[in-house]
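Naming follows writing order (A, B, C, D and E), and every chain is counted from residue 1.
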Amino acid sequence: MLKYLKKMRKKRGFPPGSLNELEISKLRSEATLIHYDNDTVEMTSLTDLADVSFPKSGVNWLQIKGLADIDMIKKVADIFHFHPLLVEDIFNSDQRSRLEEFNEGIVVFLKHFQLESQKDQLESEQLTIALVNNVVITFQDSRKNIFQILEERIQKNKGRIRKMAADYLFYALIDIIIDDCFIVLGMIDDLIEDLESELIKNPQSETLQKIYHLKREIIVLRRSVWHLRELVVALNRDQNEFMTDSTQVYLKDIYDHAIQIVDIVETFRDMISNMLEMYLTSISNKMNEVMKTLTIFAAIFIPLTFLAGVYGMNFRFLPELEWKWSYPLWWFITILIGISMIFYFKKKKWF
Amino acid sequence: MLKYLKKMRKKRGFPPGSLNELEISKLRSEATLIHYDNDTVEMTSLTDLADVSFPKSGVNWLQIKGLADIDMIKKVADIFHFHPLLVEDIFNSDQRSRLEEFNEGIVVFLKHFQLESQKDQLESEQLTIALVNNVVITFQDSRKNIFQILEERIQKNKGRIRKMAADYLFYALIDIIIDDCFIVLGMIDDLIEDLESELIKNPQSETLQKIYHLKREIIVLRRSVWHLRELVVALNRDQNEFMTDSTQVYLKDIYDHAIQIVDIVETFRDMISNMLEMYLTSISNKMNEVMKTLTIFAAIFIPLTFLAGVYGMNFRFLPELEWKWSYPLWWFITILIGISMIFYFKKKKWF
Amino acid sequence: MLKYLKKMRKKRGFPPGSLNELEISKLRSEATLIHYDNDTVEMTSLTDLADVSFPKSGVNWLQIKGLADIDMIKKVADIFHFHPLLVEDIFNSDQRSRLEEFNEGIVVFLKHFQLESQKDQLESEQLTIALVNNVVITFQDSRKNIFQILEERIQKNKGRIRKMAADYLFYALIDIIIDDCFIVLGMIDDLIEDLESELIKNPQSETLQKIYHLKREIIVLRRSVWHLRELVVALNRDQNEFMTDSTQVYLKDIYDHAIQIVDIVETFRDMISNMLEMYLTSISNKMNEVMKTLTIFAAIFIPLTFLAGVYGMNFRFLPELEWKWSYPLWWFITILIGISMIFYFKKKKWF
Amino acid sequence: MLKYLKKMRKKRGFPPGSLNELEISKLRSEATLIHYDNDTVEMTSLTDLADVSFPKSGVNWLQIKGLADIDMIKKVADIFHFHPLLVEDIFNSDQRSRLEEFNEGIVVFLKHFQLESQKDQLESEQLTIALVNNVVITFQDSRKNIFQILEERIQKNKGRIRKMAADYLFYALIDIIIDDCFIVLGMIDDLIEDLESELIKNPQSETLQKIYHLKREIIVLRRSVWHLRELVVALNRDQNEFMTDSTQVYLKDIYDHAIQIVDIVETFRDMISNMLEMYLTSISNKMNEVMKTLTIFAAIFIPLTFLAGVYGMNFRFLPELEWKWSYPLWWFITILIGISMIFYFKKKKWF
Amino acid sequence: MLKYLKKMRKKRGFPPGSLNELEISKLRSEATLIHYDNDTVEMTSLTDLADVSFPKSGVNWLQIKGLADIDMIKKVADIFHFHPLLVEDIFNSDQRSRLEEFNEGIVVFLKHFQLESQKDQLESEQLTIALVNNVVITFQDSRKNIFQILEERIQKNKGRIRKMAADYLFYALIDIIIDDCFIVLGMIDDLIEDLESELIKNPQSETLQKIYHLKREIIVLRRSVWHLRELVVALNRDQNEFMTDSTQVYLKDIYDHAIQIVDIVETFRDMISNMLEMYLTSISNKMNEVMKTLTIFAAIFIPLTFLAGVYGMNFRFLPELEWKWSYPLWWFITILIGISMIFYFKKKKWF
């Protein structure tokens, strides 16, 4: 969140659609073009986008990794007639997940989530995926091979991807991002389970810190995921124009997945609230325990100490002091009082 | 929840509609065909689905129990023109309850709930029910005879089932699953009542554990049940196409039941929140009780012990020590202080 | 709630619309027909419904009290062409309040609420009211004279009821049930006020029990009342068909009442939450009070007891013991410490 | 709330639209007719409404103060063709704020709020304002001069009121009631501010009582204000029929005010919840403070008292008692323990 | 909030649209006209608005700073045919953010937020921006150069502003206000982060005050921001009439920003609730800690003090006193009891 806000603060007053240098990535841009149809696959590393031609038949997948080379991205934008504001949004790494339509195609802004397993830190990277005619363009500001598994499926002709049009590729890319979302949710689920068993067995103040931290992550994740759902709903609503009939049924599938993700995140939220309540109640329970222990000790020994104090007094005329059996008698009374106290607390079910 | 997430994690990157082996059940598939009309009932155990014919008249009910035999399920899918994604969803045991339409028929994915009475553990099994023309197909991944009572009704010609078309059978199957949902709710209701009386009579820390556990189950159940409601709403909306007029009135009936289930689950949720509040408040009350006990003991005996300490001092010139009546006088003052303390706390309504 | 769930549990698998004997009331059915128009009123006790004729002119009100005589109810259902599922719902005593339309008329299922003043126990009874042409039929499973006041109005020709059609009678019946709902709300309001003054004057643990109990009742009542509102909304929406124009304005009146009931119940809910918060806070306040008392006593006397202990030591060389004024000096110091302690706590506003 | 419920309880079973005597005000009715146009103003006290004529030109404002004279109100109702149910609602002093249309005009039921500054008690009075052709009728059950300022504006021809039609007067009346609502909100705002500063400076248990009381008032006010908003929305929606074009822009203005009122009340609600949380947390903080004080005293003096007790023992063979420097040594150790304890708690930041 | 309410209180009963003197600013009005087209920029300070002419070509931006000069504002209103109510709203400094359309143009009322970094005090100023044909008018009641950066862009011909029509200027003004909103959110984000680290490291009662204060600001900000969102939605809906096609895409951009602002504020709210919970729980944790310390001290030394008291008694026949090894034995037993106590609490994980 902070990241985005900091950027906005520096951006103030710049003309809209201007590419303020502060936002620009340090990572050198690399462009790769994958062209395939049912029979052939061709993968080309592009250095200059000026003389690239996109064959009209088959599917073209243009991958841009790293966003430092503004000219290259502007070149792509020119070729496919992107609006300047849309170009600005590609660089803006904290876009809300959403779908934008323009004359010739559609663009989606998506977040790819990852959970750093060491630090339990949720990290997100913005991906921009555009579909224009038979060309799919993906922008990302890292070298991560998020879509490697899809490249392999294209290379090895697994599944139906080689037989389908560009809109199927567009769908398949979104599908992978959603699948990765499930992986993150699975990891959070593990975290929740660990925390739950920690909570039941041995709650400590670090447990609270962890729950608090997790809740914070889920607050952020939740908003993100709601926008993802809206994106997918929009994609299903606008299916007729840019999506072929055969792909539409797959869009319904990711719609189902998106709803499931929202569901799971909501359930996580409920569970964590549940855990916090549980934690608070268990603290109260423990405090009760502590108080009871104190009260039992105090209530038993304070009267007895008083009784010992009585016969420690130095009055000259204190007849009991002279009696022969007063000491054993004193012990007898003392123990009697002690035992009856214990019975009293037992009856009150204090231990 | 976890189960589904684990599957998704392993599935990452597989082409959509592919049957990843990891998901496949170990339970050998068994197919049974029940054909009936007003006059005859015929039940056949099928070993090979290749040469099965489904009579055009009467109703055909094809039961598939166990999902290990992928070829058999694929065969069924081929016969009735299921989409590959739909086939994938049959194997996917953690689908959200929903209704899918395709050209020739409709499919519902439903959860059959059971409450293991020993462990108070809510268990769910996915059922897939398809209706294509005069054929109803049910898929389940266990040998449980969930629909046995319906088979009997068909065999013994009870009610109107033998007189009605396939869509009535489709309805009757859903009706049974919803009836079983009420049974689960009934058992949860018993649990809540037990917990409530436990809470009022003798709240313990295990009571809290139980409430917490129950709340967690209801969080999961609630989402499930909302989707069930949506399914039933969709079924009522789409009634015109695949449902005959005479069955539509029955669909309204299960609509009412689905709403009632949602209502009951929401009420359960409110009640459990109510119980948790009650528990927390009763802990505070108890702590108050404990603190009062401690304070009363301490406030009575600490001053008295001080008084005893005074006359235990060894000052050479301590005139009271020499007086004749100082010991009885001391007792008199001590008891007076004690009694006035008791009166003070009585007045403050501390006991 | 439990009642309904228990029934559902036993009903499992019975064909829909079948009248499972378990649900059937033990109360012998009694049928009464009141026929009236502007000039005449006629009241007939019916023993056999076979040869009853309902005059086409005027209004017919058929009252069925007690639901044990299934044949009689089935007879009524036959005469007015009720669907079997509708007949089942008449017997089913825990229907959600709702409106059902069929070809020739409309049926409403309503709950009549009563608050047992002794036990503060909310009780509800299901009423079914049907309107078919100029006949209004009421079903109830008790001998309570809920509508007696209406019978009197008809007998004595009070208000406009004798001048109006059957739909006005239909309205008037619902109006009485809603009026009774206000009576229940009034009693709950009294309970809330009592609890509030109890809470402010002298909160006890039974107060908590009462609040908890009341909250539980309101959770149940609230759901019921929402459905009532929906029923009345549906009645206003569907007014054109079965309701004459002159009755429609009255329907708007009960619509206003239904909204008011929902409003009041929501306000009750807020108030009870408010009370629970208040209770919890007052417990915390009291605990604070108790702790302060303890701390003041302990902080004053523990140092003094220590001081007494010092001069109770038996060291041979303890010079103060020999001084002449050490005992009065000791008292002086002791009292000084005590008083300064008291000032310290006074300054801290602890008492 | 109670007031309304009590009335409903007594009303049970009366024919709808009947004027049950119990509801009728004790306050003698007074009728005043103000007729004005751009040039003239005329104010007449009416004793008998039988032969009143309402000039067709200009604007007529008929004020009815006090509702005891049923015949007079019925007379008005007859002249303007009010429905009996509408007449009933005029007497019913706890109507929900709403708008009713009838053939010839519209009626609004509104609540006029006042905050008794002495008792901090929110009081409301129902006002009924009807608009029929060029006549505006206001009903109120008190002698309060709520609209005096408007009468003056008419008399002195301030603003545009004399130039406008009856619908502008209708608007101006509602506007004054809404303005008074802002005054009440302003007073509540002062109360909240006082409570907040009281909360921060010196929270006491009366502070809690006040917050609780205020929250209760706002619960009631909130519902009222929501209905006011609905009324104003309805007025804007139905503007075309009874409202002239020139008045419509003013209706938008009160629409804005109504939304602002709802906003402010919602903000008040949030603030009071905030204050309650704050109060609870500050109690916990204080309790913590008290407990720390107790613990510090106890932890310092209890070990020292023990040490004094040791050398108060009367063992014959207790070598330290005979040593020459044991008493100063004992003091040295005692003070050392005391100081190290103080350091320990300092380090733990307990004081 | 208070400010607005105070004004309303004084305004009561004034004719709508009247400019009650109490509301009027003390700040002398200054008018500046900036006229520009693609080639020229002209900036004129206006003293008398009577003979101002607005060129029909190019864009005119009329800035009014300070609202003391009612005649000048009325003059502007006359030129552009503003409704009197609209003029009133310009002076009214606590308008809800909203969009108003009139025959010839549109007006937006907006809040410009600033966070006083010294006092952490959220401050808002109302801005009114009107668009009529090729004229944009901005009203503000301060001398702040909110739009200076835009003036520079016009002067220096940066971005596309000089090439676009007046509606683009209208958009650019709103865009700057929204950008400033992000700056405020960024500062609040910093505050939240500071508070969070303070909370984790060393929570104090001032931390609570700060959280409470921040929550209050966000309650106010939240309402404001929701209205901003509605304004922007309305602007997108009504785009066709007053907005050229080329500006519409920019309106979608500020729509996205407005949604993001609402999102961020909602997330802030969740985070602060989260922090309050965290604070409360950490207080409970600490109290637990304190109680344990007390209990450990008391439970160890109270029995030992009792034991010392026993042998401080002065009974004549107390055999242990005479034994030779009773003193070392006593120490042995005492230390044994002490150590076993410590082990007991260690086992209970109390320290």
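Everything that follows uses one rule, which is that a contact is a pair of C-beta atoms (placed from the backbone, for glycine too) under 8 Å apart; a residue touches a chain by one contact, two chains touch by 3 or more.
Everything numeric here is computed off the predicted structure, so don't read it as measured data.
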For chain B superposed on chain C via Cα atoms, how large is the rotation, as a multiple of 5°?
-> 70
Please work out the Cα centroid separation of chain D and chain E, and write it as a whole number of Å.
-> 26
Any idea how many Å lie between the Cα centroids of chain A and chain C?
-> 42
Per-residue multi-chain contacts in chain A, two or more chains = 280, 284, 287, 291, 294, 298, 302, 305, 309, 312-314, 318
Following the ring of touching chains from chain C through chain D, in what sequence do all chains appear?
-> C, D, E, A, B
Interface residues, chain A side, partner chain E - complex = 1-2, 4-6, 8-9, 11-18, 83, 85, 95-96, 98, 202, 205, 208-209, 212, 215-216, 219-220, 223, 276, 279-280, 283-284, 286-287, 290-291, 293-294, 297-298, 301-302, 304-305, 308-309, 311-314, 318, 320-327, 330
Could you pull out which chain C residues touch chain D in their complex?
-> 149-150, 153, 158-161, 172, 175-176, 179-180, 182-183, 185-186, 189, 193, 200, 249-250, 253, 256, 259-260, 263-264, 266-267, 270-271, 274, 277-278, 280-282, 284-285, 287-288, 291-292, 294-295, 298-299, 302-303, 305-306, 309-310, 312-319, 349-350
